[in-house]
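Take a look at the structures below.
In the two assemblies presented below, subunit A is common to both, partnered first by subunit B and then by subunit C.
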Partner chain A sequence: MRTRESLGGMALLAPTLLLLLGLVLYPFCYAIWLAFSDKTVGSPGQYVGLRNFIYVLSWPQFSAAVTNTIVFTVSAVAIKFVLGMAVALVLNQRIRARNFFRAFLLLPWVMPAFVVYLVWRWLYDPLAGLINYALLDIGVIASPIAFLSDRSTAMGSVVVAHAWRNFPFYAISFLAGMQTISQELYDSAQVDGASRIRQFRHITLPGLYHIIGVVLLLTTIQTANAFEPIYLLTGGGPSDATMVYTMLVYVMGIMNLRLGEAAAVSTLFLPLLVGLVLVVTMLLQKKANA
Partner chain B sequence: MARPAIRPTRRQFLKTSAAVAVGAGATRPFGTPALAQRPKLVYWCYQFLKSSDDARANFAQEWAKKNNVDLQISMVPLKEFLPKITAAIEAKATPDIIESDAVELRARGQLLDVTDIYKKLEKTYGGWVGNSPKIMLEPDGRVHHIMYGFQGFMLMSRDDLVKEAGLTPPPATWVDMLAYAKKAQKLPRIFGMGIPVSNQTDSQVWEDMMKSYGARLADEKGKRIVLGDYKPQVWEFLDFFTEVWKAGVLPPGVTTWDNTMNNSTYQSGKAVFILNPITLSLWLEENNPELLAKTGHYTYPKGPKGLIQPVTFGSRAIMKYTKVPDLAKQFLWDSMEPGKMDREHGVSQWGPVLKAYLGFDVWKKKPFMKGLIDLSLRGEPQGYPDVFNDAWREQHTNTTISRMLQRLVVDNWSRDKAFVEALDVLGKIYSKYAV
Partner chain C sequence: MHESLSIRVTTYALLAIFVFLVAVPLFWMVATALKSNKDLYEDFSYLPTRPTLQHFVRVITREDLLTNIRNSFVVATTTTAVTVVVSAFAAFSIVRYRYWGREWVGRLILFKYLLPTAMLFIPLYTIVVAMGLGNTLKSLMLTYLSFTVPFCTWMLMGYFRSIPPELEEHAMVDGCSKIGALFRILFPLSAPGIVASAIFSFTLAWNEFLLALVFTSDHTTMTIPIKLSMMVVGDQYIWGQLMAGAVLASVPIAILYFLAQRFVVQGLAAGAVKG
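So, the complex of A and B:
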């Protein structure tokens, strides 16, 4: 009877398992195989051992891509986190037109990335951009700043544009979490004389740990894999100042049609991404257990 | 009194369904015979200049109607073509006819041999213009794509500003162009040279300039990098580039310009000189005739070692996976008919590729077309004097020379360091194709 039951259970699980294998494991293994092959578009590709990895590791933009991907991911996630939390705290208060602002907040997030980044490119433009126009007009600067074209400002400008588009996800998620925290906790804290900051540290933040964990985990992966902001704003330039790994994969795989090399770049970044995700998870776990 | 509904059994339901299906199948041949027999052709049309794209798409629609073909047209911008065709090839769902990146796909064995059409067109329409054969013919004499137009970068000049500065257009050499740019620009509103120095392929005009200083990337066979032997020429070119950079004739932001920014800068009247195909002039014709009237169109200025004027092209090819090769070839042939091409050239950016097209009125009617004729007759294939092969193409999309220049001005590297990196990158790329 038990064997029959477990067989039935396995039969019910099989379709899901097959779907997962087909949609996740197969592409993953195929990508790894590509990294060890000389596959180009239209050719079947042959096993070439570590040749792609050696080539990619010696490619001048690869080390820049590693550094830039880390800088971009860490700084963008940090900004989105702080901004998202601040906005969520404001929108969790009883303010006028709260519902309108909550809906309005989603605007950058629901706009197509293409539109958002082209608007930002125009805003940053040194010849016709609004930011330069305003700064020149109020006398803050004497000559236009090429935000996207100067090594010192390019990455920061891309991060700002990316953070602006994506922080609403943080804010909405945190806001949803804040609404599940009992008001009684705040009331009793207030009776005990706890300041707003202490209330935030000891009630809000612990109440949000699980949501923070999920949001950070998902968005760290998403940010590290971001492609549109770089592609549409700088193309990886000036020089290699904003060259991230997704852009390098695009150039090698799509522009040069060399899928094996592109897959090698992705494969080399896999441990880095897993590492980033592990660090985030461990930090949060540690905090939650404390 | 209502009779209780009789629920059919599962067996009855299946029986009825099968009968209906068989019945429907039996009547189908009488119902839609023409639709079933209409051959299907999928055509990915190059999308760039609306008037030109419309002309080609309209012709294709008319042709399909006349030949009772079920035609599916997709307009695909150049930037999206490679990602799309890559996915289509890997998914084994390719179009029949394409209009972009034929050389790249030819090298990967993805195209059908169309040598017969090439020869028939050559014989029927008086031969090919300029370097068309060099672009289409492969070393073994086969052809895999049929060119329908030349285009290429020209020097577009605000002649009104140049003359206002007391100069006579066009500048004869690159050095003259810099001198003209310095004198004619009106900072901070109008910059002398709207030329990108970025990671986009338009920036590779600097490679053409470098070659007009006498340098070349690889040997005659296009296999081995020889740029290292041309250090004096490269240094002379870098002297020129450094002077351009320091002169402030390049607008701020050129190090991240994409391939549209030189156009938009000129369109908004903010550049004296740009290097661009005449697509811009066709846009101006429609949208800003006043600016077009002030614009001169010329071949590139010369370098110390002469003129390097590359041409690009538009071409059609048939994917080797097509199920209707004869029909696709018929389309290629019909689409080159002079009457049709005459109408198309009037609204397009393309220069003539067949001698029968040289007599079209459009070349006389529009003054800016003169430059296009010069380009078609005298332009060299991209990469010249280097061989236009896969290795050259890869270093081109990698914007190797523009990256070398960015190392100097963005990263403040020394010339030697930037040059060594460029040689290393070129060596890596070419060595992959040397076997």
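So, the complex of A and C:
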């Protein structure tokens, strides 16, 4: 009876297990093998040892991708965090039509990401884009800025568009956390004469540690792996100024059809991603223990 | 009293800024879609002075955008239907049965979360080509399961755990089989969670970009995100049509969230709070 029951359980699990093995574990192992081979589309490929890695590491585009991925991830997460926290604090106050505003401020995150980045590409347009027009109109700038094709503004512009689309996830998660913190804590702090800033530091923030941890962990990984904002806004340019690693894998693997080198790039980034995750987790644990 | 007034002023001032920042790009998308090319490129105006639907008509007749929207819809609904069934059974099995190796599936799902798509898309591409599915919608339906199923299984595991197993046990004492109890007790009670997981699955599939970009290569098999991204590089004066396309691509998702906002916010909050 017990074995029959556990067989039933396994049967229910079988499709998911097959999918995970076939579409996650097998491709993962295959990617590692590709990184050690000279496979191209149509040829079986031979084991070539560390050749792809040595080649990739000597490539200036690869070091640009490392720097850009870190800059993009750290600045985007920081902006989303601050903006998300500010929005959550505002929505947690007693304001009129709170449900309406909560739904409205969630809209960027509900919109399909590709739609958002196409809209931002149009907003940034140097010839007829709204941002340039408005800045010229109110006299802040004298001539249009080529936001996406100037090396000094491209990365910042991509980060802003990405942050605009993704801050609501932070906001709604933090808001959900704030609503579980007991009002009595604030009431007694009020009686003791604690300022709003002290209340935030000593009640709100500690109450949110767990959620902050989960949100930062998930979104750091997602941000480091972002592809769409780069592909749709700059394509990695101008001259690699926004070339993050996902874009580099795409350019090498799909546009140049160098599967081995592309797989080597993604394999080299795995320790970096794991490192990022460990740093975030450690920082949080230190905070939580402090 | 003084402090409370200044806080109220700050709150509403910040709220106004946030609403403005969110509203401008959304407004600009809709305004652009409704403007004539003259308004867009010659006499600049913030508002559409002569609103017209010509961009919507053009994007449908010239670019055949309805084909791409239909492709997205077919892929997203098929993926979602398979995902909900497969992940509901898997979550039920993991939460309610005891057998060896159960916890490994949970670990595999977490592993999938940490694993970047950038690492998987080239191997998946070679698998798809080897199966003879290159440049087909089937390749997307199959490979999208690699992220929808882990996501929904994880979400439903949380949901099923929150429902006491005693309810099913009572039904089984009354002569119901374990599977019968699943259909009569657990599924109906978890309806909000199942709806939420279906919405997430549909949205993930509708919005997916990288795999669709790599796997499909002609205008009849492209999903809507790829078609729109290909239009960017074509004509210089394409923005009216592009924004019309962007509006059309957002409509199904907007409707879905409008109808089911409660479930989604609940599901999201539950997921974030429980971790």
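We take it that the second predicted complex is superposed on the first by the 264 of 290 C-alpha atoms of A that agree within 3 Å, B and C clash if a C-alpha of one lies under 4 Å from a C-alpha of the other, contacts with A are read in each partner's own complex, and residues count from 1 in each chain.
Simple rule for what comes next: contacts are C-beta pairs under 8 Å (C-beta built on N, C-alpha and C of every residue); 3 or more make two chains touch, one makes a residue touch a chain.
Since this is a predicted model, take the numbers as computed values, not measurements.
For the composite obtained by overlaying on subunit A, subunit B and subunit C cannot both be accommodated without a clash. Judged by the touch definition given at the top, the superposed model places A:Ala146 against subunit B, while subunit C stays out of reach.
Contacts of A:Ala78 after superposition on the shared chain: neither subunit B nor subunit C is touched. Of the two partner chains placed by superposition, subunit B and subunit C are both touched by A:Ile254. In the superposed model, A:Met282 lies in contact with neither subunit B nor subunit C. Applying the stated contact rule after C-alpha superposition, one finds that A:Ala128 touches each of subunit B and subunit C.
Touched residues of subunit A, counted separately for subunit B and subunit C, are more numerous for C.
In the superposition on chain A, contact of A:Ile172 is made with subunit C only, not with subunit B.
By the touch criterion defined above, A:Gln93 lies against subunit C but remains apart from subunit B after alignment on the C-alpha atoms of chain A. Within the superposed three-chain model, A:Thr40 lies in touch with subunit B and out of touch with subunit C [touch as defined at top].
Comparing the listed stretches 55-63, 73-81 or 289-297 of subunit B against subunit C after superposition, the clashing one is 73-81. Common to the subunit B-facing and subunit C-facing surfaces of subunit A are residues 41, 125, 127-128, 253-254, 259. Listing the residues of subunit C that touch subunit A in their complex gives 3, 7-8, 11-12, 14-15, 18-19, 21-22, 24-26, 28-29, 32, 40-41, 44, 86-87, 89-90, 92-94, 96-100, 102, 105, 108-109, 111-127, 129, 142-143, 145-146, 149-150, 153, 178-179, 206-207, 209-210, 213-214, 225, 228-229, 232, 239, 242-243, 246, 249-250, 253-254, 257, 261, 265, 268-269, 272-273, 275. On the side of subunit A, the complex with subunit B involves touching residues 40-43, 55, 58-60, 125-128, 143-146, 148-151, 154, 233-241, 251, 253-259. The touching residues of subunit A, when paired with subunit C in their complex, are 5-6, 8-10, 12-13, 15-17, 19-20, 23-28, 30-31, 34, 41, 86-87, 90, 93, 95, 101, 103-105, 107-108, 110-116, 118-123, 125, 127-128, 130, 133, 164, 172-173, 176-177, 180, 196, 210-211, 214-215, 218, 221, 224-225, 227-228, 231-232, 245-246, 249-250, 253-254, 259, 262-263, 266-267, 269-270, 273-274, 277. Interface residues of subunit B, counted against subunit A in their complex, comprise 82-83, 85-86, 89-90, 104-105, 108-110, 188, 198-200, 251-256, 258, 265, 268, 270, 394, 397-398, 403, 406-407, 410-411, 421, 424-425, 428, 432.
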